[in-house]
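Take a look at the structure below.
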Amino acid sequence: MCRWMAWLGQPVLIDELLFKTQHGIVDQSLHARMGAEPTNGDGFGLGWYGSGEGPGVYRSVAPAWADANLRELAAHMESSLFLVHIRAAIGSPVQQTNCHPFRHGRWLFAHNGYIADLGALRRDLMLAIDPALFSAVQGSTDTEVVFHLALTFGLERDPIGAIERTVGFIEATARRRGATCQVQGTFVTSDGVSLWAVRYATEGPARSLFASADVEAVQRLHPDNPRFQRMTPDDRLIVSEPFSDLPGVWHEIPAGTAVTVRRGGVLEHRQFVPQPVTAESATPALAGAGDA
Amino acid sequence: MCRWMAWLGQPVLIDELLFKTQHGIVDQSLHARMGAEPTNGDGFGLGWYGSGEGPGVYRSVAPAWADANLRELAAHMESSLFLVHIRAAIGSPVQQTNCHPFRHGRWLFAHNGYIADLGALRRDLMLAIDPALFSAVQGSTDTEVVFHLALTFGLERDPIGAIERTVGFIEATARRRGATCQVQGTFVTSDGVSLWAVRYATEGPARSLFASADVEAVQRLHPDNPRFQRMTPDDRLIVSEPFSDLPGVWHEIPAGTAVTVRRGGVLEHRQFVPQPVTAESATPALAGAGDA
Amino acid sequence: MCRWMAWLGQPVLIDELLFKTQHGIVDQSLHARMGAEPTNGDGFGLGWYGSGEGPGVYRSVAPAWADANLRELAAHMESSLFLVHIRAAIGSPVQQTNCHPFRHGRWLFAHNGYIADLGALRRDLMLAIDPALFSAVQGSTDTEVVFHLALTFGLERDPIGAIERTVGFIEATARRRGATCQVQGTFVTSDGVSLWAVRYATEGPARSLFASADVEAVQRLHPDNPRFQRMTPDDRLIVSEPFSDLPGVWHEIPAGTAVTVRRGGVLEHRQFVPQPVTAESATPALAGAGDA
Amino acid sequence: MCRWMAWLGQPVLIDELLFKTQHGIVDQSLHARMGAEPTNGDGFGLGWYGSGEGPGVYRSVAPAWADANLRELAAHMESSLFLVHIRAAIGSPVQQTNCHPFRHGRWLFAHNGYIADLGALRRDLMLAIDPALFSAVQGSTDTEVVFHLALTFGLERDPIGAIERTVGFIEATARRRGATCQVQGTFVTSDGVSLWAVRYATEGPARSLFASADVEAVQRLHPDNPRFQRMTPDDRLIVSEPFSDLPGVWHEIPAGTAVTVRRGGVLEHRQFVPQPVTAESATPALAGAGDA
């Protein structure tokens, strides 16, 4: 029940998109215009690709609007691919290890939404995680469990497919346990080259998800906006909630859809269909990973 | 631009009033119903009188709704006189030394509102503080300056009078400097025996301030409310924003008014009239405290 | 690899023992005189019994010596039974949910030491926790896992026996996995009435553990010490490291020993012998708790 | 009473010098080998020049060794000019606004040491700060006051001279007030192009200060050290305490000395002699800045 944004495009100072944009995500953290919680003040995280090995992650339990360090980093760090997530906790503690994005090797992962009845399912879901990854779960959010399930189910080879298997597995587990079956949310992941995002709800309306329109269209519609004139065909923003009400700037991604964003501004859509796998059948990683 | 509550009455577990009350102040920290900022997530403080010497003060930069320790303390600490303040920072850093209430010896002090153009006045106001107290100002809020001015102007002998002199001095300084002359807010202070609260604005509408009604009246109006039936004639709550919409439970304190609350549920009103003193004339404490 | 102290005796202001004692535990947090890490600056916790339901717990990621709130609480809170733990993290994150003491209902639990090769064992140990308690594990320390295993193995009925079964189970699991078999440490737990403490190491020297001597003996040896003259026969301190070098004040508890402290200053010793149970045989709580 | 390091040279990932160096400054934060406090766990700061306008500053109240974000930033941020400071608080609160380095425009400033009797002098020193800068002092350290005095006394035009005037002014003020006259420490400042550092004590031994030797000499002495082989003639480290015991790598800067480091590895020494100026005479900035 959070907000997130992802940028893939020309290298920019992060605060161009984080603080200097009207209705940007930090502004949303105080006053979200869509979504269940008007305030998202339970920590945040920034994951970025740039210098050094793999992505860097800065996570803080302070509200994003009040974190002096976030403003410093954003104003002094350039990146061509980064994610920002702001959190509204629903039950789990406000601590850095519960802040998104989560990381594994070159991969980042974030989520806006929830798994119903997680308390009743958590043990089953944790057992299905590749035992080699079990101890890597450091916090207590549903999202970190989802991420490690997705890694178990092949995220690094087939991101969307792995999320389909993960969601299918969670839904099957909930049904088997007689728990409420409801996976709700938008997911985003990246390997530092491309971005993948999913909008899905087991039933009912799904959380919102938007992609920025093609640069040429945006520039034609708003020829006097200097910010838009600086955009290039490479640039693509994916956001849980649009930053502005300007017509033609944002395209809603339909529920039950996955998108892939590649360098060059490429944006591909496909259907997102959960795969009701069992832990045993899903992936060779689990073969032989039996319990003691 | 904050919220606060003060209790003087029978000893209660603090969470009775802090978390178990509908529309209580922590609930307000997420969703204030009156006032300028809907979110008050920039830290909070609890000052209480009980065991040990003088008041204890617990201050945290976390939003009150997310601070696990506050719930622990409130659920396990009894007090017959305590203040809670939740903060919405306007400019100054989110740090413990900027959280209210502030303390000096047996005295606590908190404030909801602001001094206009503080940046232009801060040096003049700091210079008027008793030099012996100068180094006791540890943070960067306007309120801590106001408190130390009030101590300089005699708070410990004459609380309301000292606040009148302080506000008058600030207004005179602003006029002299050609700055915007606007002191806005509600103030509350206590010595552990009584409570004093002020509602005032130099011009325009003042921040809201309410006192709980006499217990008998409240009980007569709401004979089926078990919480109200547990109240005694000793009990009095002063709040910046009422906890409920129940008719007859809250009395609005008029702008330009100071109230004194004493043991036994005594609630006295008087007019609050700023005294335009100069630093030199206000108090013997300053005589001989000349600059080098 | 931490330090802890536990008090059972007359009600005292907590800072009597926390800050006003020479070589007290906060002083030790900066400069421990025994033990592996000279600095214990990775958070701390205070668990106390007093007003309200069950124990209160105050935990912070700040070093104990630097936490202004801890000084406030200690100076303004009385308790006749409390635990303080200061942490030197070895690998797991510095976060509140990793700070001791941990709580379940009326029970508190803390630990100084470690489980070797925890990463390799964590999944097996988590699986042996009563499934109803699985989601209650919120952090990533070995101690929280040990506590929930001990609850699974009957801590609330038989504290020492449950810790013997827990340690035995961990050792058996390590041997079965071919991991290093080493449980090292001192454990302390309380239900608010009595205290239980254990000193144990699978092999090699165990972490230190001390109990304060009988009050009469202490007073006879140090007739001029005003602090000791205020002690009553009810008072007993258990500490991982003695607060002073005064002769006759502290008794070392031998390795492989469990002590029970009851009201009235009663201090009972018994041998501590790990029971090499399996998860299945240990307790009815686990019958029928099969994995999916 | 802290530790600091400054780098001017080829662009490096910050963790090359912060975490990957034996006896580096974060290691020193747990176990300083020289200096008054063995533990420096009361926050830290990193100031760096790179992307964006002016320097970025990351400051945290966590001990440097425990701050997960510092490791992330250091591992993913490159800079050719940066400062790191780790703090051991002596009296003033542990809060971000008390962490070094401090910033004004393009300038950074940090300090290791103290001003004796600061409480008695603070008001006089604050009064001598250019009134336009008065409200920029946000914390309660002596260093932030020193920095704003140095800005008042011309730091941006003549860094060493301004620090000489500042120290002289502080010493004169202490003498006039009958306070202990003792300024102790090492100072470092930068405008993003050059670095200036000072080692000074009014009397007695001064805090230590070292510069790395010329690269050719270091490489000749240690031909098998791969780290040293990567150094270029541009590189210069200034540190309060050397990172290693390797002979010939560090040169001690004598007490009463100021050094200037310029691009190209240039290291110039001069004497540091405090100038006993008065506030009025020191600088045109103060003319007309009289008290109201």
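Should a chain be cited, it is by its letter among A, B, C and D, assigned in written order, with residues numbered from 1 in that chain.
The rule is short, and it goes like this: a residue touches a chain if its C-beta (ideal position, glycine included) is under 8 Å from a C-beta of that chain, and two chains touch if they have at least 3 such contacts.
This one's a predicted model, so the numbers in the text were calculated from it and none came from an experiment.
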{"item": "Of A-D and A-B, pair with higher C-beta contact tally", "value": "A-D"}
{"item": "Rounded Å distance between chain A and chain D, as computed from the means of their C-alpha atoms", "value": "40"}
{"item": "Overlap residues in chain B, where contacts from two or more other chains coincide", "value": "68, 93, 96"}
{"item": "Touch-based graph of the chains, sorted into line, ring, star, complete or other", "value": "complete"}
{"item": "Complex contacts: residues of chain B adjacent to chain C", "value": "13, 15, 48, 50-53, 55-60, 68-69, 72-73, 75-78, 96"}
{"item": "Residues of chain A that touch chain C when the two form their complex", "value": "92-93, 95-97, 118-119, 122-124, 126-127, 131, 134-135, 138-140, 173, 176, 279, 291-292"}
{"item": "Residues on chain B engaged by chain A in the complex (per definition of touch)", "value": "30-31, 38-39, 41-42, 61-63, 65-66, 68, 89, 93-94"}
